[in-house]
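Each of the two complexes below includes chain A, the first together with chain B, the second together with chain C.
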Partner chain A sequence: MQDKIRAKARELLETGTVDCVIGYERATDGLTARPVFIYGTAGVDRLVFDQTCVHNLSKFLLDRRDKRTAIVAKPCDSRAINLLINEGQLARDKVYIIGVVCQGMPEVSWNRVSKEPQERCQRCPQRVPVVYDYLVGEPVEALPVTFSDVEQMENAGPAERRGFWLEQFGRCIRCHACRQACPGCYCSECFVDQLDPTWVGIRKDVTDNEMWNTIRAFHLAGRCISCNECERVCPVSIPLSLLNRKLEKDVGEFFDFQAGIKAETVPPFATFKKDEHLKGVE
Partner chain B sequence: MAVGFEPRVVGFLCNWCSYAGADMAGTSRMSYPPNIRIIRVPCSGRVDPLFVVKAFQMGADGVLIAGCHPGDCHYTEGNYHMRRRFALLQPFLDYVGIEKERFRLEWVSASEGKRFTQVVTSFTEQLRQLGPRKDRELMAAKGVQRAV
Partner chain C sequence: MSQVIAREDLSRWLNSLMEERTVVVPVVVGDMVFFRPVAKAEDMTISRGNATLGPKGCLFPLSHTMFTVEQEDGDVRVIPSSLEREMVVFGLRPCDAQGLAVFDLPMLAEPADQYYRERREKTALVGLACAEACAECFCTSTGGGPHDARYMDVMLSEVPQGYLVQAVTEKGKKLLAKAPLKDMAVQAPTPPDVPRVPTDGIVAAMRRTFADKYWSRLADRCIHCNICSYVCPTCYCFDIRDYQQDGKTHRVRSWESCQAPGFTKIAGGHDPRADKGSRMRQRFAHKLLYFPEEFNNVLGCTGCGRCVRYCPVNIDIREIISDVQKIGGG
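And then the complex of A and B:
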């Protein structure tokens, strides 16, 4: 796998198809991976790909909008690329996607790699990138989508749910790592940074944290591609995927839409039908 | 239920229909519960989910969004967009524990003063049945610290 990526990267850089290859390299701790930008054939051998390459690299493409770039993309990352193309942030012909087949990534911390795949990967239906120019690995069947965790939450009583979320939001330290890691969060000015009006107060209060977390999730309604980077980077382990996946489930139910599967489909909030009947609306 | 509990309702009314409808109720001398605090917006489509969550954060017991009937929007399609947004936002807020009975979307035209009073009355009554929000108690039970 790794050799194929390296060979392709070398070929792309030699022929001048792209100026830069975004991929993974071994971090200095010798175990985990970190993102790397390769600008010449000399650096190609630094590229690695294995079970530790958990990051979603697609956000880096936004820094290279008008330059020809190749990127190593897992299935979830490829959906993010589709999302960015759909929203006019990227041009498809500027991006060369080296897709990799993914069987799920393990939990990686500084000193160990888990045997089981991450929870997000256990629930992920995609095993093959939805868009690619060159595929590494043998294509495998997509898995069925499950929302068992969301349904379990929905079936709890309102007071129980409220208590659960207040406790979770109470832990938030508003480092905004979830936003920084999210490929869908690219607004030049985020609502949380606005000072006039100050939508989210500067105090670290549970109500302000709730404001941030709910609106962040809602801004990704119909856009979240469930790469779950937000949850992975959260330093206080708030189950953000429970919020995102609830919206993903409802968007699927109401509008029969899944973000990032096709770059051409119009997202649900960009359109409407005059005579549609939506659940809960008269 | 708390003794003497009066729900606080924030109403986002569209300038062209519902606000005029509320005005019609007033000029026709129809009475409706004073629990509603009206905020005039140019269109129901102007109502950002931010406004709704902010209202709940600031202690509203209920939020009402009222706009022109589908097809009658002054800006042609604002209320259609709001309808989609509401369809997702209401179950989402319910999911984080703000009961869906606390959040309503209604269509009230400029001539429907009567309907406006009915909407506000039934909504206030519903909230009164539901009682005040339990956030403080739940936070105390869970040991969640508040910033002062």
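And then the complex of A and C:
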């Protein structure tokens, strides 16, 4: 895989198809990977690809909107690229997608890699990127979507759920890394940074933290592509994927929609039809 | 002869301190460790390595009401907040205590930050020497060491008989007045080896690297979250906002970070550090250039390694120090 990615990157840079390749290189722990921007053929051999390449690189494309860029994309990352194209943030012809087939990634943090695949990967239906210009790896069949984690939360009573979330949000230090890592969070002025009016205060307490986390989750309803970057980067391990997946499940049931699968389909909250009814709701 | 506290006596001692003081200890939550006040010492965990968040929040809280303003019958009253009980922070590591010593330089310089000063004066630090070095730490390259007791009030080192106790300050001696200590002939443990980072001459090298394109390339992969600042034992930037609640106005101070987009945005909308590279350089220049230039060559980094461990994209200060030495070395 790595050799194919390097060869393609070399070709793209040599022919001037792109000015930069965004991929992965080895991190300083000698074990995991980190994002890398390669601007010339001399740097191509820094590129790696293995089970530690967990980051979703697609958000970096927003730093290079008007420049021709190649990017290494796993299936979930490719859905983020579709989301950004769909929402008018990226032009398809500026991006060259080196898609990689994915069998699920382990839990990866600095100097640590789990043996088992991440939970979210075990539930992820996509094994092949939904959009690519060049595919690395043998295509495999997509799996069914399952929401057993969300169902478990749904079955808990309201008081239990509230207790659980207040404890989680109480720990939040409001570093906003979830937003910074999220490909769907690209507002030039986030509601949390608004001063006039102030939507959410700067105070780091459970009330403001709850506002921050729930409003951010709602802004991603029908838009979250389940890459789980928010949860991966969270330094205090708040299980944000549970919120996101609950919304993904609801949007799937009500609107028969999954974000980022096709760049052309207008997402449910970007459209309004007068006679529209939610499935199963009178 | 040395003074030793047995393992089973440690909780007894901490519980006795709780009668008059708030005692903050490392507490395990999932796979994380936080410093939290506890009602009984048995709730603490003495784990290897560094806590997820150090004890800086005890002295410089994540969010803190500085004062409250009340209006009654045309009178306006300003009620400053204050710390009622004295506090003991137990189980912090030398790098975190050194972090507080770094805090002291700007925070206690006149005019001192009164909120920090009050907490600092009312807090005693009971440290734990590190029995082993973490993979990411480098305290011996930043003026400290795994057994450095200089910034503690009491220092404990693990020995087979319990903990070797060293009263470092008068405040520490007072804390130990009723501690169940035993006199024993005990050898002090040898400090572990800590990986080195080439910090000699880093201030001059940073100055020479200031205008290099290195910073913007490095910032390519930075996502500009605030994790590095918030886990850092020496980062002290804050923001202040007023809150209206229950008919009163509360002035609240909260942690903020130079890495956040918009941190330096000023009235009129101009942002002198709008690009990722200059924000990234600011963080490292503050630690390795401006701070030592301002404060007698003291580095604004204590080598705790948390930013290395928690950065989601592996921006590694150890690698940056080595790179800057190569680019700007004399």
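Rule of thumb we're sticking to: the second predicted complex is superposed on the first by the 278 of 282 C-alpha atoms of A that agree within 3 Å, B and C clash if a C-alpha of one lies under 4 Å from a C-alpha of the other, contacts with A are read in each partner's own complex, and residues count from 1 in each chain.
Definition applied: a contact is a pair of C-beta atoms (placed from the backbone, for glycine too) under 8 Å apart; a residue touches a chain by one contact, two chains touch by 3 or more.
Remember, it's a predicted structure, so these values are computed and weren't measured experimentally.
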item	value
Three-chain arrangement built on chain A, chain B and chain C clash or fit	fit
Touched partner set for A:P125, first chain B, second chain C, both or neither	neither
Contacts of A:D29 with chain B and chain C, given as first, second, both or neither	second
Which superposed partner A:M211 touches (first chain B, second chain C, both, neither)	first
Which of chain B and chain C A:G170 touches, first, second, both or neither	first
Which superposed partner A:L278 touches (first chain B, second chain C, both, neither)	first
From chain A, separation angle of chain B and chain C (C-alpha centres, steps of 10 degrees)	90
Touching partner for A:R203 - first (chain B), second (chain C), both, neither	both
Touching partner for A:L243 - first (chain B), second (chain C), both, neither	first
Closest approach of chain C to chain B (Cα atoms, Å)	7
Set intersection of chain A contacts, chain C complex versus chain B complex	203-205
Sites on chain A touched by chain B in the complex	153-154, 158-159, 161-167, 170, 191, 199, 203-208, 210-211, 214-215, 217-218, 221-222, 243, 246-247, 250-251, 254-255, 268-269, 272-274, 276, 278-282
Residues of chain C defined as touching chain A within the complex	29-32, 34, 52-53, 62-63, 135-136, 217, 220-221, 223-227, 229-231, 239, 241, 243, 252, 254-257, 260, 262, 276, 308-314, 316, 318-319
In the complex with chain C, residue positions of chain A that touch it	27-29, 32, 34-37, 55, 59-60, 63, 109-111, 171, 173-177, 179-181, 189, 193, 198, 201-205, 229, 232-233, 235-237
Interfacial residue positions of chain B with respect to chain A in the complex	49-50, 53-54, 57, 70-71, 77, 80-81, 83-100, 105-107, 134-135, 138-139, 141-142, 144-147
